[in-house]
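There are two complexes below, and they share chain A, which is joined by chain B in the first and by chain C in the second.
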Partner chain A sequence: MAEVLSVSTGSVAGCRARAAHNVLNQVVLPGEELVLPEHEDVDGLGGAGEQPLRLNSGARPRLRVVCGPGLRRCGDRLLVTKCGRLRHKEPGGGGGGVYWVDSQQKRYVPVKGDHVIGIVIAKSGDIFKVDVGGSEPASLSYLAFEGATKRNRPNVQVGDLIYGQCVVANKDMEPEMVCIDSCGRANGMGVIGQDGLLFKVTLGLIRKLLAPDCEIVQELGKLYPLEIVFGMNGRIWVKAKTIQQTLILANVLEACEHMTTDQRKQIFARLAES
Partner chain B sequence: MKETPLSNCERRFLLRAIEEKKRLDGRQTYDYRNIRISFGTDYGCCIVELGKTRVLGQVSCELVSPKLNRATEGILFFNLELSQMAAPAFEPGRQSDLLVKLNRLLERCLRNSKCIDTESLCVVAGEKVWQIRVDLHLLNHDGNIIDAASIAAIVALCHFRRPDVSVQGEEVTLYTPEERDPVPLSIHHMPICISFAFFQQGTYLLVDPNEREERVMDGLLVIAMNKHREICTIQSSGGIMLLKDQVLRCSKIAGVKVAEITELIQKALENDQKVRKEGGKFGFAESIANQRITAFKMEKASVDTSNIEEKAEEIIAEAEPPPEVVSKPVLWTPGTAQIGDGIENSWGGLEDSEKEEEEGGIDEAVILDDTKMDTGGVSDTGNQGAPIVLSDSEEEEMIILEPDKTPKKIRAQTTSAKEKAPSRSQVKRRRKKRTAN
Partner chain C sequence: MQRGLDSETKKQLEEEEKKMISDEHWYLDLPEFKEKESFIIEEQSFSLCEDLLYGRMSFRGFNPEVEKLMLQMNSKNKAAAEEEETVEVDVSDEEMARRYETLVGTIGKKFAKKRDRANYEEDENGNIKPIKTKKMFLKPQD
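Now for the complex of A and B:
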């Protein structure tokens, strides 16, 4: 069951940049430089040495490649900043696709646009302080709920669970979140109900579960009727009819990380029988 | 980092689950988590894992003079530390309450119960006894630190071997491990702490609470017992009111649990003993499972060593010859010798104006005898003029040498090199104040 990950040590030692498309789905280490295919073409043609990689779409006919998590632009190359497997997604239309690094992490760093589950830790004046797992609690204004006005305040107590979206999240300011989307509708966000269980998993598992057409979530749905909320900060809230079922769901989700597909199917089959 | 707050939702769920006799990980009310004991290569080193809570224990010994009022007994010293990797909330300086409570409980459990025979640690009455030191480090916090720590302490003590000593008349011989096999400590019994967590004002009881359960509990009862059903320590915290029959019931449960855990410890110690005797591999590296998904293995990367010889010869040929080595020490005075030159001061030239700063700033305190100072001073300052003695007291002597050129900060042992490097000028040696004058 153990994965044996092979790391080719030759190129790392020599600090030579590797072509990104050669390294797909292999382990990369921080400090490695990757060369994009376009740049190689430019070299071959004896190009003028201009930067072929532009992250803002310009008038150039070059493909626009998006640098995802774990990668950073360094000159005209990509610099790896996290260890993990390099992935690539082909573009839907135009552009050059996305490159990113799949890595293991349990600690959450707030990112703009993430939907997270937070715990209210303080109410001070007009804002709530919500702990999202980062280094600072995020601030949530009481007006950022659907249908909230100065007279009509939302019913939020200290210790409640909130599902919201981060609108400000950078390293220089405290993060801010809202429970309302750009049209003013809640869209599922807001205070999470009273019962149910909150538990923590790794960030990689959350991303896997939130991928479209995730088998695990579909199979879970067939088992019991349940309500489930995934927060990108590693927190999952789950509620089923009885305590026993909720506990089973929580344990299964935590174990999903380390199980292969077959083992998972076995477990679900056994649960469905009982 | 601040601890993650507990939400109302979790608290409610946990309490409701406990009312229905359900625990988060599916255990029963009186079940312990899996205990795993692994030993290191040294004697006296072990790691105990109680579920995900891990404690590392290490025992060491030293020969010291005994305490004045206990001249024939050895000294025991226990120390538990909460490492910062155990939980994000553990920061240096932030954990004092919990730390003091745990340390105190551990001391009462192990020291006051007299589980170790301290009389046997005496070598020469009144002069030399063994001081046994048990250091415990919490590596991961998932609840119930005290149980894991007490198991780690007693396992490490049972596993430890001290050097053999023989006393013949006035002569005391301390044998190294190569000369004679080290001997184990003499342990009378093995006290182990069992924790009971109480919820809803004492209505519900759980054994071996994990971290979530500890957060919502009302009170904690810790009973330290050995396998002969003798209670060594009992402590109730949290301020809950317990009934007499509750405490009696807990002590009965503790008796059963201690018997199981003691058996487990004996088996682990025997296994380790067997492996060492048969010459097999032992130590922490062997106890890490290789084929688990959380243990990564890298394939061997072949290294091309075909041209190593040529490369090595190249490097040797191109390298500069090493500087001359002066192997003979030059003895200036009894107690002061010099081998080779000191290195050139790399601080760069200090201006004259900084001389004032230096006078107050230097705190190289060199303890030298009066006679040595004088002779040393004389020999060193042969080229530089007479030293100025500022005070006549025997305790304190400050010698300021005439500044020749730019003063520099120099260490005392390189002052003797001044004869070879006359560019260095000012040297100050200040006597450490022995008594308040």
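Now for the complex of A and C:
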């Protein structure tokens, strides 16, 4: 009895740290500490009967590990800050791989390098104020468009939709956006065209829809000709030939988060008939 | 008549200023510690974790420019993920060395004087190689 009690108090206090590779794809809660796996070369070679020469005595070589969203560095360990499933990606080149927490939220926090859809809310002097869904509107300079010069200003009005990239995004400064990449080309960024419908979904759904092996978007594309823009801030813009088709698209995308694969296939089959 | 201060007095004044400034500087009375090199890098962006596709999509020819962009950007992602291939060389190193060898002969012939041009003979393959023997003055015998 005493042993059981001590184990439970230990887990409640959160002092025990688990190894990260044991917890993959399981739910983790904020406050948990994860221990990274050490380099296992020495043990394997020792079993074969050979002793490897160690150039740096004592210190074992550690690989560089990237801790992604939902995790923080805490000494030598990872500290979980969001609840969700722990994921891991194997490294392509050198390095130890990426760990992150797959969590769900509706509120967007601007992150550097994200492609987002913004709504222009104000024009002041040389910059536009663009609402990105964060705590502050992002600023977008009028020179940050392809082919824009001081005399050749871009044609942007208040209320326009902009697809751009966050260049500065941290908690101390106002976020900044640009519609141009580092080479000076637009690459599809800029003002999004006329008509269409903008609606909001959760951030997790956007990532699910943009995954390389996502069937939802492919099946949608087979129904009728359409255009979609996904913003990492939870906003989707759709456009189809008629208003009814556009509304159907919007409803399907909003609902597919909570549907199983079979239900989704039924709905697509029904739509394809009509 | 001396205007300005002596170099000595100048030095003294500078030293006094430095002392005053260093006295006013605040510093922490803590022992120095080295920050350990951290093997963990923090990133807040999801684009590094998951390979996400490009955000603009168009289907069945609704917007041809966006369809072109889709092909470009998604193939860029795949190309970056694959390993780099080795650069193919058109001319092998041995051939380059052979060519340079003959080059020395032809360029050398251009700058040699008329009398010395006879020193350059043609080889069997047609490569021009210089002969190293030069004509020296022969003293006439009695």
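One rule holds for everything that comes next: the second predicted complex is superposed on the first by the 237 of 274 C-alpha atoms of A that agree within 3 Å, B and C clash if a C-alpha of one lies under 4 Å from a C-alpha of the other, contacts with A are read in each partner's own complex, and residues count from 1 in each chain.
Just so we're on the same page, contacts are C-beta pairs under 8 Å (C-beta built on N, C-alpha and C of every residue); 3 or more make two chains touch, one makes a residue touch a chain.
As the structure is a computational prediction, the values presented were derived from the model and not from experiment.
Q: Looking at A:Leu140, would you say it contacts chain B, chain C, both, or neither? Reply first, second, both or neither.
A: neither
Q: Which holds for A:Gly221: it touches chain B only (first), chain C only (second), both, or neither?
A: second
Q: Of the two partner chains, chain B (first) and chain C (second), which one does A:Leu78 touch, if any: first, second, both, or neither?
A: Second partner only, chain C.
Q: Check whether A:Met232 is in contact with chain B, with chain C, with both or with neither, and answer first, second, both or neither.
A: second
Q: If you stack the two complexes on chain A, which partner ends up touching A:Gly196: first (chain B), second (chain C), both, or neither?
A: The first partner, chain B, only.
Q: On the A-aligned overlay, A:Gly159 touches which partner chain: chain B = first, chain C = second, or both, or neither?
A: First partner only, chain B.
Q: Considering only touches as defined above, state whether A:Pro212 meets chain B (first), chain C (second), both or neither.
A: Touch partner of A:Pro212: chain C, not chain B.
Q: Is the number of chain A residues in contact higher for chain B or for chain C?
A: Of chain B and chain C, the partner in contact with more residues of chain A is C.
Q: Quick check on the complex: what are the chain C residues that touch chain A?
A: 38-63, 66, 69, 73, 81
Q: Any idea which chain A residues touch chain C in the complex?
A: 36, 62-69, 71-73, 76, 78, 87, 89, 92, 96, 98, 100, 111-115, 163, 187-188, 207, 210-212, 217, 220-222, 224-232, 239-241
Q: Give the list of chain A residues in touch with chain B in this complex.
A: It is residues 1-9, 119, 121, 131, 133, 135, 157, 159-161, 192-198, 237, 243-244, 246-247, 250-251, 258 of chain A that touch chain B.
Q: Name, in rising order, each residue of chain B that touches chain A in their complex.
A: 1, 4-13, 16-17, 20, 22, 24-26, 290-299, 301
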